[in-house]
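Two complexes are shown next, each including chain A; its partner changes from chain B in the first to chain C in the second.
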Partner chain A sequence: MLALILPALVILVAFQIVPILIGANASFRSWSLFNPQKTFVGLANYRRILADPLFYGTVLPNTFLFMLASVSGGLLAGLGLATLINRRFRGQRLVRTAILLPLMVPPVVAAIMITWMFNDQFGIANVILEALGLEPVAWLVSRWTSLAIVIGTDIWLWTPWFTLLILAALQTLPVEPHEAARMDGAGPWQVFRNITLPLLRPVLMVCITIRTIDAFRVFDIVWTITKGGPARSTEVFSIYAYKQAFVYLNFDLGAAASMIGAGIIMVVGGVLYKVLSYVVEVSR
Partner chain B sequence: MSEQRVTVNRRTFLRTVGGGLALGLGAAAPAGAQQMDLKIGYMPHPIHENSIKWMKVWATEHKVALTLVPTSYEVYVEKMTANLTSRGGQYDVIWHNDDWGQLWGRYLEPVDDVPAIKKMSRFLYEPPFVWEGKDTGVAFVETIGTFFYRTDLLKESEFPRTWDNLVKTCQRLQKDGKVKWGFAGGMKYPHGWFTFFWSIWANGGDLMLPIHERRNEELGRHGWKAAIAEPEAVQAVEFWWDNIKTHKIVPPGQPGYSRDDANAIFMAGDAAITMADTTLYGKFNDPKQSKVAGKISVASFPMGPRAKFKSIAWRDAWAWAIPSHIDPAKKKMAKELLNWINLNREAQVDLWKTTGGFPPNEEVQKELIKTDAVFRKFRAATVESEKIIHGAFYFARWPEFFATGIDHMVKAVTGPRDAIKPTLAEGAKMMSEIAARS
Partner chain C sequence: MRVGQRIRDGLVLLLLAAYATPFFWQLLTSFKPEAELLVLPPLLPTRPTLAHYAVVLQESLLPRALLNSLGVATLTVALALALGLFGAYALARLPVPGKGALMLGIVASTAFPQIATVSPLYLLMRALGLRDTWTALVLANTSFALPLIIWLLAGFIREIPDAIEEAAALDGAGRLQTLRFVILPLVAPALASAALLTFLLSWNEFLFAYTFTATEASRTVPVALALFPGVFEVPWGDIAAASILASLPPVVIVVGLQRYLVRGVLAGALRE
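What follows is the complex of A and B.
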């Protein structure tokens, strides 16, 4: 038995546990890439990160806003699409394939496409605005339009994932409660709200839990579209940690920021897991 | 029976793999003994590509194999710093920008024994490429910023010499419907040279005090004081705020532009003027890439109201460097290669003709001054300015200092005008603290 587990265990230890321990060690030391003296400084790096107004005033709010908007946007769009295509109609397969397309696009490629679409000089978004007689917008110069573009891109990328899982769940729901409700005179909205949604609750909670944890770590699309700018106003947690470590070369602060982030996501994940367990228990 | 078959198969497999490995290693050994390999870490850019073109010529003559490892500018410093500090074997020759001098100094092989360096201006080397009294890079091009303008829109005599004239000229061209924007330049980190920095310098300011000082000892002696809240810098940032929001001579998206974004606008024919390294001349003048090819010239910076000199320019270099931890035979070979490129007249002239980058060999520059009118014009617009400075600073925390400065300037030009001064004061305080940790 041990021999079977050993290869996976070695890989896990070598590529996950050891790097995490090295990172944790760096977070307690004065450790920059260009001057690796590695003096032990206790919690000083953690204090600096937690006292950084950018971290608590911009980075954490951006991260939670992104998490909330992206997960709820993707969930609502996915739920809507899954409900719409959970019926027989001509071209059903074609529509299902088309909906899945964003899932096949690498996030960085999608982000580059979006960046060009919202380029203030050459982008299609401003061409449309101008065709409608409106003023063009410098989309990536304001915090809120930049964040909206990033969140919109993430929703576009992840909606098919929600759709796929919710559609699979919809197709396994029992038909009897739906038929009974209809016979009792319930309209489509009442059936959806009082029968379908409660039955979907465990699947929705799994989707929310997985996506929330994943959204907290978002890096690629934010980096590609805004690099955290303008003036660090769209930085999320992972960009902040990356910049500390690899742009400013403060390996110690980057490691401390990562450990703080790991702590936050463990708390968020723990709460979501409790909610998930409760929902699954209630739905039985 | 079944077990026996498994044993036979495993033996056969091991024999085959073992035999194959032995054959492969045997075949590789004599080849390795004959040919040396140099791994080149570079950024895909016309200048690097030109230098690599000549490296290949040398490598063929000397039967050296070159392995080219391109790395994006966006991750170059991080990637190379990690390689140097971990003594990785991925590179034997690396691109070494002037503003990373002190960051990597301790990890680089001294190159004072490369004779070609004696043909170059010492200004390029001190302080950027000097670590503990030794040179750490062999320059392969001078990098100098200049103004590019459209000759079909502006005569040489019409090019604005002051900020006030720059605004008026751009507005006139826009009003006459000749061009969409008067000026476009990179602004966001790490592209601040093409807007904020040149304008601060042209207005008599600098990023640190005392102005134009680049020696770390002197900067330390004066308390590592950032200067972006000084009147000259505040006025320069106000100049950009006005250009974006009041005069509307630059695109409103400029605070989010990299140099590539601005170059694209200029090459598309949508801006009359841009500011860029001379090394972009080849690209701007290439009809396959640029709508303004054949219609561009260069000029020196328009000066601000607080200017202390008639003209100012920065003069720096990009260099190739050798990691100190590589094999001594490779170090020797790499030095021979870098020496050859810089002493090769044909390679040096080709660098200028193809890209617009100034060859670092001053003997070749003197020859070009005599024979090439365009080169003379480029020199007049840049290195013949009244005041020449370095375009960066050379302490280890420069990347963080630089990023913090640009972020605050971008914040200032995108916020309310009356918040410019306090925003820059906040940035200056942070920058001073960062520099003091160097």
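What follows is the complex of A and C.
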């Protein structure tokens, strides 16, 4: 009977577990892609990554900023949208389709669309600014506007996911507490704040944890929009590790950076889950 | 009250229109003649053209990339679903030793960043002689999708009452026959959800495809788009047409098979 699960296990081990082990092993060795000596060097690679000003001064702050802004932005937008459309109305299916589309379209395509809209010469963003009598902005030339665009793209991509999950949760909520609160004269905001939100906490907790872990390892949209530029100022953790391995061909440093990132996200994910579980417990 | 609702309806529509702007803008761009691309206004194309689509379909490598993406995604779905169904059934029903730990490991592996596996996987694929092949992408994508599929299906199978299987066993059905004739029809909707999610995951996947492919022999659509050639200036009209074509399969799935898709997304996230 073990035979049933064996094929899946073989694939998972061969293409998920073994690569992680190869990477972990490489992170302790001197292993360049064009000169794989594979001599053991202890923690030297980790030291080099952690001492790299780019890594601790730019890459990690970018990654955490991206994570925080993208998750909270998507959460708020999703919460708002789900609350707005949580009832029967005409065109429900159309609305749902419009909401689902960004979630299903290749992120690379979304990134290309946004890059085109924020093109400094021909993009519609600058046309609108000029129509309003403002100066056009060279969006992708500075670090902060570039990061803002990348974060905005991610929020755009993931708002549907938040909306979908929160909407599903809203539709299973009991009606009695809401009715009782309204009878007692509570306004819509009070009902939302004191009844709906606490009841939604479990699902919000799951959303936040999953998306935080996801946002930490973002690669495709950042790569498509900025490639980490200008001048490596928008690199996030995955871009940094990728460049170490495939641009500078330092397989060892790339592996060490990956391991550090993996460690961070395990800790962040674990702590987040614990804290949020605690919050949910307390609010019950 | 009615006025309030009207305002709310209007607000929702307005929000959705704003939300869909990138799509519509890209769609408009793809129909604009070259001369109108770089001057604004007019916002709308005065003489809509299919020239960009013609260029993309006849002169670019996108048709080949579409074929690669379709092939890789289809094979990934077939392999991942077959392996996932057996695996999920075993995990849900049979006394597999260390089941809890195994399940935990499978979930934990989904939290591991893809970037940590991609470069070792690249070396592995190179050593196996699979660089720049469909096989490399199918294997990588399958291993990436399997945890989600197993999780999704195991949850569904666990909800099927044991009694049904016991009845089948009394009637003389073996394990595999039970799986084929009793379990399979019952999990078919979940299987459909898992298939759609896996297809989209493979269709949209970028990092593996960007790393393992080298030529048009295996380059998938996202890679082809990211590497879209522009000699002196970026051909925005062609890129717009190409990205609309790249979005067609997901759009068809969202519009046509929404029910299964939504169910899959919900079940995939709420794994408690």
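In this text, the second predicted complex is superposed on the first by the 275 of 284 C-alpha atoms of A that agree within 3 Å, B and C clash if a C-alpha of one lies under 4 Å from a C-alpha of the other, contacts with A are read in each partner's own complex, and residues count from 1 in each chain.
What we mean here is this: contacts are C-beta pairs under 8 Å (C-beta built on N, C-alpha and C of every residue); 3 or more make two chains touch, one makes a residue touch a chain.
Worth saying up front: this structure is predicted, and the values here are computed from it rather than measured.
In the superposed model, A:Gln121 makes contact with both chain B and chain C. In the overlay built on the shared chain, the residue A:Gly187 is in contact with neither chain B nor chain C. Contacts of A:Arg232 after superposition: chain B is touched, whereas chain C is not reached. Of the two partner chains placed around the shared chain by superposition, chain C is the only one that A:Ala8 touches, whereas chain B remains out of contact. When the shared chain is aligned, chain B and chain C each come close enough to touch A:Phe246.
In the superposition on chain A, A:Leu101 contacts chain C only, with no contact to chain B.
Of the two partner chains placed around the shared chain by superposition, neither chain B nor chain C is touched by A:Gly57. Here chain B and chain C are compared by how many residues of chain A each touches, and C touches more.
By the touch criterion stated above, A:Ser142 is placed in contact with chain B alone, chain C being left untouched.
In the overlay built on the shared chain, the residue A:Asp220 is in contact with chain C alone; chain B does not reach it. When the two complexes are superposed on chain A, the residues of chain A that touch both chain B and chain C are 119, 121-122, 246.
Residues of chain C touching chain A in their complex: 8-9, 11-12, 15-16, 19-23, 25-26, 29, 37-38, 40-41, 43, 83-84, 86-87, 89-91, 94, 96, 106, 109, 111-124, 139-140, 142-144, 146-147, 150, 175, 200, 203-204, 206-207, 210-211, 221-222, 225-226, 236, 239-240, 243, 246-247, 250-251, 253-255, 258, 261-262, 265-266, 269-270, 272. By the touch criterion stated above, chain B contacts chain A in their complex at residues 75, 77-78, 81-82, 85, 103-104, 188-189, 251-253, 255-256, 261, 264-265, 268, 270, 396-397, 399-400, 403, 407-408, 410-411, 414. Put simply, chain A touches chain C in their complex at residues 1-2, 4-5, 7-9, 11-12, 14-20, 22-23, 26, 81, 84-85, 89, 93, 95-110, 112-114, 116-117, 119, 121-122, 124, 127, 156, 159, 161, 164-165, 168, 203, 206-207, 210, 213, 216-217, 219-220, 223-224, 237-238, 241-242, 245-246, 251, 254-255, 258-259, 261-262, 265-266, 269.
Considering their complex, residues 32-36, 119-122, 136, 138-142, 226-227, 229-233, 243, 246-250 of chain A touch chain B.
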